[in-house]
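Following this line, the structures themselves.
The following pair of complexes shares a single chain, chain A, combined with chain B in the former and chain C in the latter.
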Partner chain A sequence: MDTVILKKENLIGFLKSLNAARLIAPAAKKGTTSFEVIDDLSSVTLDLNDYMASPKKAVFPQTETLFAFKKQNGNLTIAPADRAQATVVFGIRPCDARSFQILDSLFRGDFNDPYYTNRREQTLLIGLACKEPTNRCFCPSLGGSPSSAEGLDMLVTDIGDAYCINVLTDRARSALSQSAPLLAEATKEQRAQKEQADKESLAKIRRHVDLQGMHEKLPRIFEHEIWMELANKCLGCGICTYYCPTCHCFDIQDEGDTSEGRRIRVWDACMFEEFTRHASGVNPRPSRAERLRNRVMHKFTYYPLNLGTIACVGCGRCIELCPVNEDIIEILEKVKAVHE
Partner chain B sequence: MNGIKIVTIPEVATIEEIRDEIRDVKTFYLSLDNKEIDKNFKIKSGQFIMCTVFGAGEFAVSLPPSPENDRFHLTVRKVGSVTNALHELKPGGKLGIRGPFGNGFPFEEIKGKNIIYVAGGIGLIPLRSSIVHVLQHKKEFGRVLMLHGARTPDDLMYKDNLKEWQSFDGFETYITVDVAAPGWTGEVGFVHTLFDKANLPIENTVAFVCGPPVMFNTVIGELMKRGLSDDCIISTLERHMKCGVGKCQHCAIGRTLVCTDGPVYTYRQIKTLGEQI
Partner chain C sequence: MATERLKEIARKVLSRDDVTCLIGYRRGSYGFRISPCFLTSPDEAEQLVISPLCLHNLATYLTAENIGPLVKTKDEKKNKIALMVKGCDSKAITNLIAEKGIDRESIIIIGIPCTGVVDIKKLEARFPGAVAPATVEIKDGMWVVAIEGTTVAIPLDELLAEKCKRCKHPTPLVYDELAGDPVAGKEDAYDDVKGLETQAIEERLVKWQEELGKCIRCYACKNVCPLCYCSDCALDRLRPQLIRRSVSVPENLLFHVTRSFHLAGRCIACGECERVCPQGLPLMELNRKLAKDVQEIFGYETGLDPEAKPILSTFTIDDTDEGIL
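And then the complex of A and B:
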């Protein structure tokens, strides 16, 4: 039973049947919708808002403790952070699920980041196909689609009167061990409805960018004045990085005093002036032009060269949220238009 | 020999002794509290560690000791909040150590060659490890020279080592200061002005260069003018570092990450990094 049907009124019962130690799902909060740790299943909504951040924090929290230390009678003891809980992320968009794979290539890599890896291994991803892509979405340009199943354990598609669920991994099959009474094998007609829904949502994607040759072009125009032009209106606020599902720059800070404290890892952004500033005051990346160039090149040149994949999934949040309307597609088009 | 690598949670170390080097620079002799780990903690010349001052933070620092038969120590200039906190500590004080990280200087690859060390000011700190190591194996190398320049006689690093090295048989040492002081009888002038006097070897030669950017650029220019190829000039780069293991992106220079690809690069590599070093 790899394609099954869930009646819409059984959603809460379905979520309950997953028996997750921790469930992260979209919930109404402060007049909007965001991914939250769910205590009350009735707060879950699949009415996603256009701007909401990806559930990246499920595997890479905005702030996390790496260890705590305590000094007593001249002895210093270090207590490692708690292990991750088994987690189900429900309602993740297909683009964001792909971003987890991009983060995997970095955090797993040559040296497995134990904090990320532990969370990732404990996390089951249940995606929700996008029914209404926004006017800033461009996932097909990055190899995705509003109904992409890549990186997911299950994919849920709204087919009108019910949800069609594709069960994609063995982990998903075992997670569904208690859910059988709520699920029915999809009929031929329901499968066709799912296919139709996928086609319709894909047809709603309005923006596209051709990235052929991009990673080779960027280094060739490294010294070009276009970076100054592009950075002119950038405020360096970093919101593009905080909402980006693939951005992963982090800072490590110590809190406390000499007798007791903890080390935390917090999200950071290469758009910030302090990011590369040495203790001596020297800053090898001193202006916004260099920082914007680094961000674009990290995603479209360095990441592909070093880790084999572009670090962008075409979610378009950076376009939507930039306070001065920097638009990554326009930036890439301008780069393409530079005569060498 | 592969030693252990402390990656995420620092190992606690105790400061055994502190020596003043020059103004704002001290050397801290350490041992790791876990004796088993201390015994297996092996470094390569040119690698670095992340050093925690508990309650203040963590900083990246080069490793001056030789990988063989040398006391473990760090030499640190007081420059930011964490290194200031370090300088306040006394013998018996506790630190945290992660590492060693990075590629390290080539050692096997340069055997049989002439070696030139050019160090400006505290640029001698990251080179000390390699110098001591090469001197421990002096017979396996050609000519070995060190040219060290500092601002004033008071700014000369590792004065005890310098004295010892000046009388080391077959180690050609040249020391100069930018500005003399009463009683100084040695050379005056920037370090590259000693190149002719030292009769630098060029064929089958590798130069290690560390120092402030102005000195670095001048020295590289002079070495290349004399015919040294850019892949025979080796340096170690500094960056604001955080994770040490290639994840956080703080130390990125273009596509390279100094913490894992570096910190040791040839000048040929440095030229292609794109971004400012």
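And then the complex of A and C:
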């Protein structure tokens, strides 16, 4: 039972049958759609098939407590971080699911980050194949597709009158133990409908960039003036990094006073001036040019060299949200055009 | 055509020996997007555009970190930066001059009389998916949107940016060259802040906790703001840490309230903070309310006169002491 069919009217019943302690799904909220912890199942919206905030916060929240401390009558007590709840992320886009694998290669690579791993192990990923890729999408250039199943436990595809669900992992099979009455084996015709839907959505992707030779070229033009030209308009804000599903840099701070407080981990952004500022006041990346170069090289050179994969999935959020049209595809094209 | 006149001015300006670069607008990388550009030679003037899609307030680059063409050269004779400004943008320059944030002599202002810019979010929601260059212009009192082979006329009200609906100064207040005929301004009765003013204080708190709770602290509002240019921003300080790094409603509230107070009597209502906010925070409501208060209490309107004394840097013995923090 690896390809099954769910009637559209049974979606809420299906979500209930998963018995997740915590369900995260796209929900409409004040004019935007974003990944939210769902209390009311009827607020889940799959129609939009587009949302800006990436769901990486499910495994890597913007602010998290590593531990809390308290000193009372000379005794110091340390409270560890909360254990993660069993979580289902429903409706994640295939590009975002691939980003979880990219994050895994860092947080569960040489060093196993216990906070991330704890959440990750408790998280089941149910993807939704993109029916309407947007004008910022370029996932095929990064080896993905609007119907990629990579990194997912299940993939849901809208085939018109029903959802076709590919059950991809053993975890998914056990999560579906209560869902059987709502599901039916997909017919040959329905499988063909899914294949057709995949083809149609892939054909809607209109932006592409050829990354052949990119990670080798970038270090060779490290000192090139192009970085100054590209960075001129950059505002140095954190939009591109905070919305990026693969960006993962963080800061660790103690908040509180000497008697009570907590140690937190909080997202940080390499585009901020303060990110690399040393205690001495020296900043090895003194201008936006070095910072922009670092961001591009981290994704397209350092990450591939160190961890074997490009740290970009082609979701295009940075392209759409950048206030000054700093477009990663345009940047990569300009890098390619540099004569060495 | 205004664009031809602009290009002519740009070529002339870029031919001058004392000009390092010209900051203007060019076609962006896709669809309706326009990009800021930094030109250094007269041949590049050809790529400049003027259109209702030129949203950015380029004055922000005058106080951005000094990099690229904006590096102050050792050659004192080649030290001027030219830039394109709309009416609202020019008020940022006026205020920067008044605050002595920039030197009037160091810039060449190419004024663009502005007939209004579009609300890009509304535009892109209505015409999604454009990859090939798409354009918007005003013809016979309508927007004319040209996208991938089709042309659609739309009433002005439907796509006009909020700030333009009450723009008193669409023609730049300060300029060296003007690329077009002056445009008449509209009335501004601060209708947009009436909702905030009439709301009960408890409701206001609930509303703003909810709104600011959405903030993810990307600081795009701070960085895009032409008047946010302290070299040592309190927000970046670690010791003392005035605002914690944790993203929560109280810290977000502290950030935005501090920022809007710091802009009281300085914000020129270009609306860039609200335009760039990826979380859709209604930041201009705070800024506009403070602008209205400053106007009512001190009779001061920001950005009109480069010789003005910045209102919150001066005092008179008649000043009210209400609201002293």
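Assorted remarks:
Definition applied: the second predicted complex is superposed on the first by the 337 of 340 C-alpha atoms of A that agree within 3 Å, B and C clash if a C-alpha of one lies under 4 Å from a C-alpha of the other, contacts with A are read in each partner's own complex, and residues count from 1 in each chain.
Methods note: a contact is a pair of C-beta atoms (placed from the backbone, for glycine too) under 8 Å apart; a residue touches a chain by one contact, two chains touch by 3 or more.
If you're wondering where the values come from, they're calculated on a predicted model, not measured in any experiment.
Contacts of A:307 after superposition: neither chain B nor chain C is touched. Legend: residue contacts after superposition of the two complexes on their common chain; A:80 is shown touching chain B, with no touch to chain C.
Once the two complexes are overlaid on the shared chain, A:111 sits against chain B while remaining clear of chain C. In the superposition on chain A, contact is made by A:264 with chain C only, not with chain B.
In the superposed model, A:294 lies in contact with chain B only, and not with chain C.
In the superposition on chain A, contact is made by A:251 with both chain B and chain C. Applying the stated contact rule after C-alpha superposition, one finds that A:275 touches chain B and leaves chain C untouched.
Overlap of the chain B and chain C interfaces on chain A: residues 251, 253. In the complex of the two chains, the chain A residues touching chain C come out as 30-32, 52-53, 62-63, 134-136, 206-207, 228-229, 231-233, 235-239, 242-243, 251, 253, 255, 264, 266-267, 269, 272-274, 287-289, 319, 321, 323-325, 327, 329-330. Looking at the complex, you find that chain A touches chain B at residues 66-67, 69, 71, 74, 76, 78, 80, 106-107, 109-111, 113-115, 219, 222, 248-254, 256-259, 261, 263, 268, 270, 275-280, 284-285, 290, 294, 297-298, 301-302, 305-306.
By the touch rule above, chain C contacts chain A in their complex via residues 28-31, 33-38, 56, 60-61, 64-70, 128-131, 210, 214, 216-220, 222-224, 236, 244-248, 272, 275-276, 278-280. If you check the complex, the residues on chain B that touch chain A are 7-10, 12, 52, 54-59, 79-83, 92, 94, 96, 238-240, 242-243, 245-250, 252-255, 260, 274-277.
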